[in-house]
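The same subunit A turns up in both complexes below, where it pairs with subunit B and then with subunit C.
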Partner chain A sequence: MNPVVAGISYRAVLGRRRVWLLILLPLVLIGLSALLLAFGSADERSAVLLMEKFAIGTMLPLLGLIVGTGVIAPEIDDGTIIHLLSKPISRPVIAQTKFLVAASLLILFAAVPTFVAAYLLVSGESGIAFGFAVGSLAGGVAYAALFLLLGVFTKHAVAIGLVYALIWESVVGGFVPGARDFSIQQWAQSIADQISVSSYQTSTVALGFAIPALIIVTLGAVVWSGQRLRSFSLTGDE
Partner chain B sequence: MTATPIHEPTGVIHDIGYRHYDGRRLGRGSAVAALTLHSLRGVFGLGRPARSKIMPFGLLVVMLLPAVVTVAIMMLVKQQGMGYPGFTATMQTVLAIFLATQAPYLVAPDLRFRVLPLYLSRPVTVLDYVGAKLAAMTLAMLVLMVLPLTVMFLGELLADLPGPGHTGEFFAALATSVLYAVMLACVGTAIASFTPRRGLGVAAVIAFYLLTSAISGVIYGVLASLSRDGAAEWAMLINPFFAVDAVQVWLFDTPPGNGVGYPDGLGGPIALLGVLALIALAVLALIMRYRKAASS
Partner chain C sequence: MTAQTVDTPTATAGAAIELRQVSRWYGNVVAVNDVTMRIGPGVTGLLGPNGAGKSTLLHMMAGFLAPSGGVVTLNDRPIWRNHDIYRLIGLVPEREAVYGFLTGRQFVLSSARLHRLPDPQEAARRALATVEMEDAADRRIETYSKGMRQRVKVAAAMVHDPQVLLLDEPFNGMDPRQRMHLMDLVRAMGAAGKTILFSSHILEEVERVAEQIEVLVAGRHAASGDFREIRRRMTDRPHLFRVKSSDDRRLAAALIADASSGSVSVSAGGLEIQAVDFRRFTWLLPRVARDAGVHVYQVAPSDEDLESVFSYLINRSS
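And then the complex of A and B:
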């Protein structure tokens, strides 16, 4: 962890237009839960539906994509990463710092709003709010690491991440049950399901697989990003 | 001490062969057409490195897959496969990804490298520039939708299925494709033009699609579970793809592509108004954005 690198990364994500997207998504989530309250359908079933479909299924991958690539991709795009890499800071430390920044932002913009939205609907009932907040936290951390790695590897990180989150996790995962084993979203659902006792909630991936998978993906991606940065070469684009 | 001699001027102008262009000038219309064609090629990665071609052509192949499967079903089993009217709404995720990954390419580099004044130093005006970009994106989206539909229709003609043909439905789907293409191109390009960074543009465009479709899905799910089906059908219209599909159902009386139907009566006209308002808003935002970008 290097505080200067962390400061630069926070500024890069929060100082530009990116931050509006980061604020908009949780606002919509909380707005939706307020709307459900107004409909008078603040029961467990709608809370689980909102959490599964929106909080974990839509908001988390999107925020992961924006934040995970946002901490490093713009610097690579502009070429200013050279100034950072030429300083006597270990490259793995740079990668770890950027990962910690992304993970902390995802906790702030994904996990906390998830808890607030679920708490608004059902307060502490069946542990739904707490379960989804923890699931969203774990998934967010893994997404941050994975998309950071993508950002280091390619300039089309957002597009490729999008294909993973939308086509692999949503479409293929919807038809082919085996694909769900390799989906961060499903791992997050498993953790949420484990903590909450709501009967409306189902998850397909066993917890014994989901937790090791989350840890391996997160650690592996951070270490690999650091290694990749050690032999990084800046290439032109189009 | 002598007076400084008065030198003859020694500078000469060499003729190094620069020539004026004295051919025919094609004018503004041609410039706009050239910009449109260049942008359209760029959307599909033509004239860009091989890596840029993977995404657009990959997605085009994904769009064609169900059409090919449908043709195979019609040829082998002699049954109608996937219908024409619901095709685009079914494939909405693929179209949204195409829009999100390609629309920022159209607008972001010019904004980022501040080359807009170079375009505007030619006869091209801000409106021409915006129009050319929108036309290119609209044409690209049309290719993506019309090509699979046409493949399926040709397959149906060749398979010579028993029973009545679906020519009417095919032409209804073609007409609706135009509305889909215009709406998607305007909205996608407008959102992408607000950031000079391609990555953020991609995320912003897909966020628009995911937000609208997820909001619509959640509200529909909750209302349907309360068995307020009438209200639930209205929630479907929040998703822009289903809004256009509702217009198609209203105008051409085709089966709904969302599987549950749309509100009767006022549903179709209101969906059409909503889509037109969205297009107008997007075009207005684009023009304002480029007026500002051109003056900076």
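And then the complex of A and C:
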């Protein structure tokens, strides 16, 4: 990890308008929890439903997309990445640093609020809050790596990421059971399900598949991003 | 961050970039075609019209583009996929490529820290002073003019005192005073033994700064040499003039008698004269007109644009 690259990346992501999106989604999650609490619906079933559908099903992939692509894609678009790449620092180290920045932001803006929102509803009951927080953390780390890779590979990272998160994971995954095996969201749900003992929680992907898949996707995407940056080319305006 | 001492780039004297039979193509389009050149200490200008392949060539020298064919080396070490090479190279890209949310000082300081200089604060201060940006150094870059951004980019590129400085169209967007200042700076660095290459499509710009000129036209290395030599070749080429006078036919008859007028044609719009000896022709025309009693209303060079000058050079080289 390079502290200068990390510092610039944090400022780039948090200093732009997208910081409001990063704050808005967790606020909505905690707000929904507060509403359920206020209307007396703060039970285990509604907590699991809120965490599955919103925290991990919606918020996590969207934040993953904003942060994962946000740590590198805008810099590639406007050429500022040259400032980092024209220095005697290994390009894989730059990719790893960008990944760590994205992953840490997802822990802060996704995993922590997930824990807070679930805890508001059911405290420590059935390990729901802890389970979803760990699931969100694991999923967040994988999303950070995957969307970083997309950001390095293509100018259309956000569009492709949206198609993956909204169409593949949410729509196709909803109808085609096999598609769920290739869904970070489902892997995160599996981990949450394993930790929690709530009977309302069900996951379709076996933990024995989800954990190796998360590790392979995360490591593979970070390594590939580094290799891709080693061959980063300026195609010029000519 | 802990500053670490590393081998200083100044340990290598007289750095040289070498291109051997370098080509670069994009699909069926050839951007750079079989270029061989050596860029040694001093200031070299890479001159060519827009679209000639200057940026492509410069990107290959800076390690930001792989040659499709041939080899690009710095002191015999390959540049492509070799991040250690940036200890010796400072790059000023054409695109703005600056973080608007940083101040000028933070930007240059980040460069010093990324180079792991022993005293990054002092190195940044010195680089900012060199480009006369101390007063504005604590303002965010997004508030800077284009010329100021350019100068802060130069400061960031030279903060580690590199042996090689590559500048892509560095004078674009600068006001005349800033331009003069950067030209002086580039000349001084060249005189100090640094290897400096800058690209430009403006001959006068290159002429004022560079000792050596490499001309690139349509991806090909059209000419190479001392600027006086290039200038002479450009001046000595056949020039085409359009002349309007009180009596085109009489003037044509008088001009054709002299060898400096290669061909003369008369049309409704005036005379079109191909001058094979530029200096003699420009000396001769007013005298011939006076002796023939003809009033000259207009003399206009019709092929003075750089494109035609470059076309001449490339035709000559092939």
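Assume the second predicted complex is superposed on the first by the 234 of 238 C-alpha atoms of A that agree within 3 Å, B and C clash if a C-alpha of one lies under 4 Å from a C-alpha of the other, contacts with A are read in each partner's own complex, and residues count from 1 in each chain.
In the analysis below, contacts are C-beta pairs under 8 Å (C-beta built on N, C-alpha and C of every residue); 3 or more make two chains touch, one makes a residue touch a chain.
No experiment lies behind these values; they were computed from the predicted model shown.
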item	value
Subunit C versus subunit B on the shared subunit A, clash or fit after superposition	fit
Contacts of A:171 with subunit B and subunit C, given as first, second, both or neither	first
First, second, both or neither for A:80, with subunit B first and subunit C second	second
Partner chain(s) touched by A:25 [first = subunit B, second = subunit C, both, neither]	first
Of subunit B and subunit C, the chain that contacts the larger number of subunit A residues	B
Touching partner for A:69 - first (subunit B), second (subunit C), both, neither	first
Minimum C-alpha separation between subunit B and subunit C after superposing on chain A, in Å	8
Shared subunit A contacts, counted only where both subunit B and subunit C touch the same residue	238
Subunit C residues touching subunit A - in the complex, by the definition given at the top	1, 6, 26, 31, 50-56, 59, 62-66, 81, 83-87, 89, 91, 93-99, 101-102, 107, 110-111, 113-116, 156-157
Subunit A - residues contacting subunit B, complex	16-18, 21, 24-25, 28, 32, 35-36, 39, 41, 45-46, 49-50, 53-54, 57-58, 62, 65-66, 69-70, 73-74, 77, 156-159, 162-163, 166-167, 170-171, 238
In the complex with subunit A, residue positions of subunit B that touch it	48-49, 51-52, 55, 93-94, 96-97, 100-101, 109, 194-195, 197-200, 202-204, 206-207, 210-211, 214-215, 217-219, 221-223, 225-226
Interfacial residue positions of subunit A with respect to subunit C in the complex	2-5, 7-8, 11-12, 15, 78-80, 82-91, 230-238
